[in-house]
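Read through the structures below before going on.
Shared chain: subunit A. Partners: subunit B in the first complex, subunit C in the second.
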Partner chain A sequence: MNKKIKFAQGNEVCAEAALYAGLDFFAGYPITPSTEIAEHLSIMLPRKGGKFIQMEDEISSMCAIIGASLTGHKVMTATSGPGFSLKQEALGYAIMAEIPCVVVNVQRGGPSTGIPTHGSQGDINQARWGVHGDHSIIALTASNHQDVFLMTVEAFNLAETYRTPVILLLDEGVAHLRERFIVPEKGEIPLLTRLKTSVKEGVDYHPYLPREDGRLPMSDFGGTHRYNVTGLYHDMWGFPTTKPTIVHRLIHHLVHKIEHNVDRIARFKEYYMEDAECILISYGFSARAALHLVKNRRARGERLGLLELQTLWPFPSHVVREKCVDARYVVVVEMNMGQVLQSVKLSVEQPEKVFLANRIDGVAITPTNIKNILQVIRGKGV
Partner chain B sequence: MGVKDYIRERFFPHLWCPGCGHGIVLNNLIRAVENLGLDKSEIVMVSGIGCSARICGYVDFHSLHTIHGRALAFATGIKISRPELNVIVAMGDGDAVAIGGNHFIHAARRNIDVTAIVMNNRIYGMTGGQFSPMSGYGIKASTAPYSNIDPAFDLAKLALGAGATFVARTTTYHVKQITDILEKAIPHKGFSVVEILTQCPTEFGRRNNMANPADMMEFFKNHTVPVGSKAKKKNPDLIERGIFVQKEMPEYCSEYDKIVEDAMKGQQS
Partner chain C sequence: MKKCRIVFSGSGGQGVITAAIILAEAAVLYENLNAVQSQDYGAAARGGSSRADVIISDSEIIYPKVIEPNVLVCLTQEAYNKFYPIIRPGGLLITDTRFVKIQRKADAHQVELPMYRTVMDDIGKPIVFNICMLGALIALTELVRPESIMKVLEIRIPSGFLKMNRKALNLGIGLGKQFAG
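And then the complex of A and B:
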């Protein structure tokens, strides 16, 4: 079969993958380095009868996709650093009201306006804890265009399955890089749609009463069931309440529906891990440099391996723990001050064997940078 | 059908104070919907945060109680994704034009077919009586204990300037007019703004010598005049009520439909 090969920018791949996943509503606001996602969708969405809207700001873009999701559509917004900060309140609303949506954050250097045109991986912890209050979240990432495509589709699948916002944490390097990728055939990646209620018209529908498996079948706004949606703690009708038993149950439901499924949500890749004595853990753009180095050193007989994380939240601690049991060194390669490093240290049995190889000056980390740091870690000098 | 058929009795009693004007708005909104013969399942009611925002939980429509100031942004997503639905947004004054001011002017500019009801009691009631951009000069509030020096917006002019194609104002004293205006605003194809002056005896009245709800309704009766009346020329302090504008302009969702048509055609050729 002839595979369809394309050469494109990461942001375009993300937009194409969203369309493949069934996206039919996008709201956004211009911001570097994510704007090309909006631009591409402004062309492509109307061609399939979908809707694209450029809103007045980042906040309203997030709110608009929540509204559109409630009418039964697959929705997405895309932003970068400052815009991601602005979206946090509405993101929390989508978590509380359990509304599926995908939020792309093409990371750039921060804090504040930071360094808009250069890459960074500084928003990993913000993706986890940017929203106030206890909650859980799903965040995915990818290091190359084939995976950007796959992870974008996965983001939609997970959002619909768990009725939650899913954050796709790309970085400037991947987003602006142009490389080839194979466009998956229709049906090649399974597409999941949201669970709809089977409750008939005229019978009481409880929008916020989870089934035994924790899932909440939805009913579209405009459909036969009329119900209330709120960001307040709410009962099974979606009506605000401060009753301690209900508050307790709801917060546990919101956290557990994700944390109890860590292994189902975990996506990762392994390279040369079988006998590795030094394991690099990386993700996103920095994983490309890590992979390059691993291949290079393997050719020289060094026992280096790479564990590439694609699910960053919920953090796949069990995967990291199991894979790193026999390693002498675990080196986290990332472009921040050690955000995933913290989670790795918490996951492994011997945190003292975990080190950081980072670069945070707006320049992409190189294989040589990592190699030099490895020399120091092994006490061999640079 | 009676009023009861449009409310969710399960969620009563409501949380509004005795004498609060918001119940009057609720009652007249339901009457307007009934008179228009709208199907409850074709209406989505969206609100923000505040005492006024609780209105959407009490009506038996699809209802979305959102976050402070952003109701119109959520409503925009609903309307564009399902243009056949009637989208009614209820906001308080702080909700609509302080924290939500940006969304208010942009929804008006787009002329998206949404009905925005601004329940203007000139105060933040739920948080305990702080002044809002609608309180006006000389008003007392919990954060203006000496006197408020912030001038107020003229909400109707703001809406007009921003591009709303239906703009009206009335008060909770003029109940018949609330229904009449809503009956025109809801079917209007475009962005409609209906400002309803409503009383908050608890937080506004108490601090401004109108603790009795009836005093505030008296105020609405004595200080408002129909749009274009001569009395207003003599006394500019009087507040005009009625319909300021009602005009046909291209509506956002219909315009977007044309884009979709063009894009689909372009793809075929």
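And then the complex of A and C:
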């Protein structure tokens, strides 16, 4: 038996990948369908010298990882829709205070407690806009276990690089699926850690004074330097301010540090795109149904292609625009009422050629569902 | 090998999901095959209906759910009534004589096996009913070798229970072989 080949649930793969990325603090509150992430880490994290803590709820879990991250740890929490809603306030705090952290949301049907044991992709826009106030966010997703591993590690790398929360938007279909994956060798996926300040003890350290490249070197809270952290607009010392120039500059910084790097953050995969006249755009579990269909129809000579998005936020508009230029139809395949559809329509030159192929009844979308909708779009009936 | 799509169905507590995981894990770890396993479940674990899907193949598996199974296992009447119509024409339908009364003729190879009765007569513990079922399944389909199932069990269950599981697996293989070929 090759020890690198494993057979596991998507949630376990996510937990393993977090450990690979250097996770050493996890706080969470169990909720279906994300529970196995916490369960796996409750066993594995202490063995690796890290800390696992089950908090009293989702809000405190989010706050706990924020505190731990400030003290220099790589941190994560995991939840599902109802818990993700509760985390929004603290998530905004982490955005404002620029605290690296990874928040996994294994999506289930919503709103409210919705349909706990069935899948959905209904939280895409919540990930972007759930927090009040102007801000930006990074959100990644994946459709198979090899990519769940990679995207989890990427989530940590991006959080540490941009000093921001990164949302990992898995869905029940992938999270509860068991499949084969190969554990990458140590060093196979590069690991990034936050920039640390070189300011010595006794010398003034400005925690919120960006370098020329926009990055903020950190100092482990409680360590060498004393500084303030707040959810209020703050100056370079971290102290609250209402000074218009500082408020203006900070909001620009928070948005642009991510939006100006959309090229660097965009992760996607392409299948049969070269001559595709009909392009499917999908992600997560839905992308598997879409790819199955594309491969089947290609074998019959139909010019179908698939653009699988792995970065959902910041939305890779330039990629979508370029790839879809020559397509006759663009069909967004997702398990919601058209959340990525909106972003795609905003990205392409001819929004009238963009259609939705979806399923929203808690049942996983099938290749046949998509095929039938394509037939309708082409005016050929079912 | 051709892609084999299997649906295990029964009620919560019978171990159909566990059996599905063991089979798929054996295929991946000890047969160098590809396999996926997924499940459909409600809020109630014990007594509610449960279904697990497995696909085994020597090539890549993209869409992981089973729509038309080549092999359908039904361990309760409710499961049989619900899933009987989805079997692929010419497929294999395995039911347990104690729990399921076959009502219709299907375009399938229907195999009714006294798995539960055999386990209770020879072992006396219903907990290994699912392993006996797996034994019958692999005897009928030759999807994986019995040793591969045992290797998974050696990792997954306490050593004190291995003997009982091995016996259940062999009982199932014996039952399946009567109908194989």
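Here is the rule we go by: the second predicted complex is superposed on the first by the 379 of 382 C-alpha atoms of A that agree within 3 Å, B and C clash if a C-alpha of one lies under 4 Å from a C-alpha of the other, contacts with A are read in each partner's own complex, and residues count from 1 in each chain.
Methods note: contacts are C-beta pairs under 8 Å (C-beta built on N, C-alpha and C of every residue); 3 or more make two chains touch, one makes a residue touch a chain.
None of the values given here were measured: they were computed from a predicted structure.
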Checklist entry - In the superposed model on subunit A, is it clash or fit for subunit B and subunit C? => result fit
Checklist entry - After lining up the shared chain so the two structures overlap, which partner does A:Glu89 touch, if you call subunit B first and subunit C second: first, second, both or neither? => result first
Next on the checklist: Going by the contact rule set out at the top, does A:Val376 touch subunit B (first), subunit C (second), both, or neither?
Outcome noted: neither
Checklist outcome for this item: In degrees, rounded to a multiple of 10, the angle subunit B-subunit A-subunit C between CA centres equals 110
Item to check | Which of subunit B and subunit C A:Gly67 touches, first, second, both or neither | outcome: first
Checklist entry - Is A:Ile182 contacted by the first partner subunit B, the second partner subunit C, both or neither? => result neither
Next on the checklist: I'd like to know which partner A:Leu346 touches here: subunit B for first, subunit C for second, both or neither.
Outcome noted: neither
Checklist entry - When the two structures are laid over each other on chain A, which of subunit B and subunit C touches more residues of subunit A? => result B
Next on the checklist: Which partner chains sit in contact with A:Pro367 here, subunit B, subunit C, both or neither? Use first/second/both/neither.
Outcome noted: second
Checklist entry - Just subunit B (first), just subunit C (second), both, or neither: which does A:Phe7 touch? => result second
Checklist entry - When the two structures are overlaid on chain A, which partner does A:Leu209 contact: first (subunit B), second (subunit C), both, or neither? => result neither
Checklist outcome for this item: For subunit B against subunit C after superposition, the smallest C-alpha distance in Å amounts to 15
Next on the checklist: Going by the contact definition given at the top, which residues of subunit A touch subunit B in one complex and subunit C in the other?
Outcome noted: none
Item to check | Complex interface listing, subunit C residues touching subunit A | outcome: 21, 24-25, 28-30, 34-39, 41-43, 61-65, 67, 151
Checklist entry - Okay, in this complex, where on subunit A does subunit B touch? => result 24-25, 27, 43, 46-47, 49, 51, 53, 55-57, 59-61, 63-71, 73, 75, 89-90, 93, 221-224, 226-232, 237, 239-240
Item to check | Parts of subunit A lying in touch with subunit C, wherever the complex brings them together | outcome: 1, 5, 7, 116-117, 173, 176-180, 288-289, 291-292, 295, 364, 366-368
Next on the checklist: Under the definition above, what is the set of subunit B residues touching subunit A in their complex?
Outcome noted: 8, 10-11, 40-42, 44, 46, 56-57, 60-67, 70, 72-82, 84-85, 102-103, 106, 256, 259-260, 262-264, 266-267
